[in-house]
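Chain lettering (A, B, C and D) follows the sequence in which the chains are written, and residue indices restart at 1 in each chain.
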Amino acid sequence: MSNKLTHEEQEALVISEDPEHPANLISELCREFYKLGWVTGTGGGKSMSSNSYLPEHVYLAPSGVQKERIKPEHIFVLPFAQSSVPRPGSKRDFLRIPSKKGLTESQCTPLFWNAFTMREAGACIHTHSQHAVMLTLLHPRDAQSFKISHQEMIKGVRIGGVGKTLSFFNTLEIPIIDNTAVEEDLTESMAAAMEKYPDAPAILVRRHGVYVWGNTWEQAKTQSECLDYLFEIAVKMLLAKLPLVGDN
Amino acid sequence: MSNKLTHEEQEALVISEDPEHPANLISELCREFYKLGWVTGTGGGKSMSSNSYLPEHVYLAPSGVQKERIKPEHIFVLPFAQSSVPRPGSKRDFLRIPSKKGLTESQCTPLFWNAFTMREAGACIHTHSQHAVMLTLLHPRDAQSFKISHQEMIKGVRIGGVGKTLSFFNTLEIPIIDNTAVEEDLTESMAAAMEKYPDAPAILVRRHGVYVWGNTWEQAKTQSECLDYLFEIAVKMLLAKLPLVGDN
Amino acid sequence: MSNKLTHEEQEALVISEDPEHPANLISELCREFYKLGWVTGTGGGKSMSSNSYLPEHVYLAPSGVQKERIKPEHIFVLPFAQSSVPRPGSKRDFLRIPSKKGLTESQCTPLFWNAFTMREAGACIHTHSQHAVMLTLLHPRDAQSFKISHQEMIKGVRIGGVGKTLSFFNTLEIPIIDNTAVEEDLTESMAAAMEKYPDAPAILVRRHGVYVWGNTWEQAKTQSECLDYLFEIAVKMLLAKLPLVGDN
Amino acid sequence: MSNKLTHEEQEALVISEDPEHPANLISELCREFYKLGWVTGTGGGKSMSSNSYLPEHVYLAPSGVQKERIKPEHIFVLPFAQSSVPRPGSKRDFLRIPSKKGLTESQCTPLFWNAFTMREAGACIHTHSQHAVMLTLLHPRDAQSFKISHQEMIKGVRIGGVGKTLSFFNTLEIPIIDNTAVEEDLTESMAAAMEKYPDAPAILVRRHGVYVWGNTWEQAKTQSECLDYLFEIAVKMLLAKLPLVGDN
């Protein structure tokens, strides 16, 4: 760890009375997401780079901890500028590592970086929402993407996650990639899917969950909610044998 | 904006220690509705004219904000008396516009006005409840309305939303109108449906959600809950192939 | 109203710092039941006679109010000893009527009295739980009762609601009666069903909900929860075409 | 009861300001599990031996009480070292018995001891989760176990509940045993299943619920959540006729 900051400087990175400070927000949102069933067990990470708040820093929720009990002092902080994509276990730069024993950096780090570098996203959220997983299970094994249209909630989603919002008459398309044994091994296939589907606001991972990003934490959160609503209703529609695309 | 009030007078419109003041109520109810899944993402508006509290004013929840984080100072206030139906973007009268950046007036404003002027409603609630949307999806494409009878919860609904409560043996009928790309474009079809179905206590919008109104905020809220209960059980009944009307 | 108490004596009946005082409990439990979806809208009453606390008094939740906003001062108090079954609108004895406008006594009063007099119950709970209603809808029109066996949760239910707890190998049977337009008109058919099924711990009302009682408020509440669990799983089993009785 | 402690020493066992003290944790977790619907009614016990905190003591939640209202002073404390498996009603050692009337020791005690002695678990959780019960109901009557593979959430579960975490490509297998009239009569069949399935992290009980353990309370809790997620999605998959094992 090439950390040059003193202990006090490190702590100052995560201690703030501003409820919108990333360290406070990540803790609060993880509690909210826990109630939604998105991050139970130890599942589901959450990261936030703070283009609006502190553009040069990336705040990461820890792994190996109950998500509803995360506190600001459990947060990892990395500089956004890295010599290479920061993979867990590899050499890379940190500004702050939490001192509590047993906390490890999320394996999702390189996947979050995909959103930051390929979409200039300011925040990225990963959940194991059952609606997302059931949706991938209800698609044929060789399906490359999920499509839905004619839903008001589509209007809450932005093109590519960071552009203009979609219209009611647009078809939303989200690629589905295969899961891998180790989470960071998703990095390349996620990047390939993001390249092939530049308008997609998220990536679904078969039998695993979803990655959603946005310009800010508010947009990442509201888009996560809109998409989860759409995943849920799509599952219900498929079970009721209703077509997902078109206005029949 | 033809606002003649001073800044202090504007703020006084939304700052009150009375929990039943519309600015406090809208904020509180949006938090409750968020927990019910009615207004996740940025979806679902809420408005309240206060015939019982301040009959000459209309309080509107803002758009483009997370509904569970609305605070009294985010509320728009309009005079009830307007020269024409107040459409977003058109010229119209305001008493107060929140100063926080990024808050816009709900696109639902002219739809809420339908309830205020055609039913003399004192409050109107709009949600994207999945039960409402699934119900419209499970109806044939050309269905004009949803009908249900022989449910105790029907007794919690008022004729036309503002009259006497229905009896257990009454059939509740709610028109279903098509969605449009822009929310305010629903204004005319909603008005036409309200005219055609004078006893209907709400309007369902296909693939979108529902508008519910009442004499007071309490009645609008309890009728929203009764109707959502009926939408939910109707979806379950349709999936189980049980008839919605009659007592078989 | 043959109330001989002074205003101060009346208020003393509902103001207590003891969280287990019936006026506090009814308010708290209604908030909890609201979160469970049992008493949304204005639906679902709750009553408690307090054999353990104040055996000579019956505390009743008001009607026409949002159940999650009930406060101790909204509670009706009646003497348990009445010259006849206390029907709403009929002449009868009160110890306290809440002063807030618009609050009316629950129409369930004579039904609660069935539980008090026929089972010597100390508390009775009425809800519009959707699991209860769906269960009645999934039964044939002429079914007289719901039966289930071989469920661990059966062990949380008492014979007749007030006797010994059932065993895992017992079959639980709960009569289903038809709904009526006016709730108090259920009084006789509920009493007849309680007479015909002396071991039943509750009465299901088709297309309406359920009445559950117990020796104390704790037993009424925990039996309501056990029964609702059984109603919910029975609905799932019927939809999955699994038999409710037997251990196949 | 062979308790040699003074009243003050007994109380000191359960009164602590440390939120991670077992007496505080059991109370808090029971409230959380109540909200999840795992321990409604009087169902579901929870125990914790504290290898990390106080290795020589076992803390037990009481039976016959509403789980969301458990307080530290309601907790039973036993020495871990017992002359024989501590069965309810049999003679055995206690360090503390709560003084509140009506509280009885959980019938699960000997089942928890299975986890403590056969797996050296530090905590064990028992719930009546409907997902667990429905899962057993959807299995053939003679099924010996539940198997699932290719789910990200499998990675949150440890081999035998206390070993290394499973990989995405591992098949998780959990034995299903028959229920008995008296909970403690499950002791032998649970032990036999744990012997036959040494890698299983939990035991499912048909028409009853599940027992889950872990090295610490955190691991027992997060594994309970991961497993409940898997039970829930397995039920959905079975109803949708999707295979539980393999990656079709």
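The working rule: contacts are C-beta pairs under 8 Å (C-beta built on N, C-alpha and C of every residue); 3 or more make two chains touch, one makes a residue touch a chain.
Just so it is clear, the structure is predicted and the values come from calculations on it, not from any experiment.
Asker: State which chains count as neighbours of chain A and simultaneously of chain D.
Answerer: Output, common partners of chain A and chain D: nil, no chain qualifies.
Asker: For the two copies chain A and chain B, what rotation in degrees overlays their C-alpha atoms? Round to the nearest 5.
Answerer: Resulting rotation angle: about 90 degrees.
Asker: Can you name the chain that lies farthest from chain B, using the mean of each chain's Cα atoms as its centre?
Answerer: Relative to chain B, the chain whose C-alpha centre sits farthest away is D.
Asker: I'd like to verify one number: the distance from the centre of chain C to the centre of chain D, where each centre is the average of its C-alpha atoms, in whole angstrom.
Answerer: 32
Asker: Measuring centre to centre with CA averages, how many angstrom lie between chain B and chain D?
Answerer: Between these chains, centre-to-centre, one finds 46 Å.
Asker: Let me make sure I understand the interfaces: which chain pairs count as touching?
Answerer: According to the stated criterion, the contacting chain pairs are A-B, A-D, B-C, C-D.
Asker: Under the stated contact criterion, what part of chain A meets chain B in this complex?
Answerer: 150-153, 156, 167-169, 218, 221-223, 225-226, 228-229, 232-233, 236-237, 240, 242, 247-248
Asker: Once bound in the complex, which stretches of chain D touch chain C?
Answerer: Residue positions touching the partner: 37, 40-43, 66, 128, 130, 133-134, 137-138, 141, 179-181, 205-209, 239.
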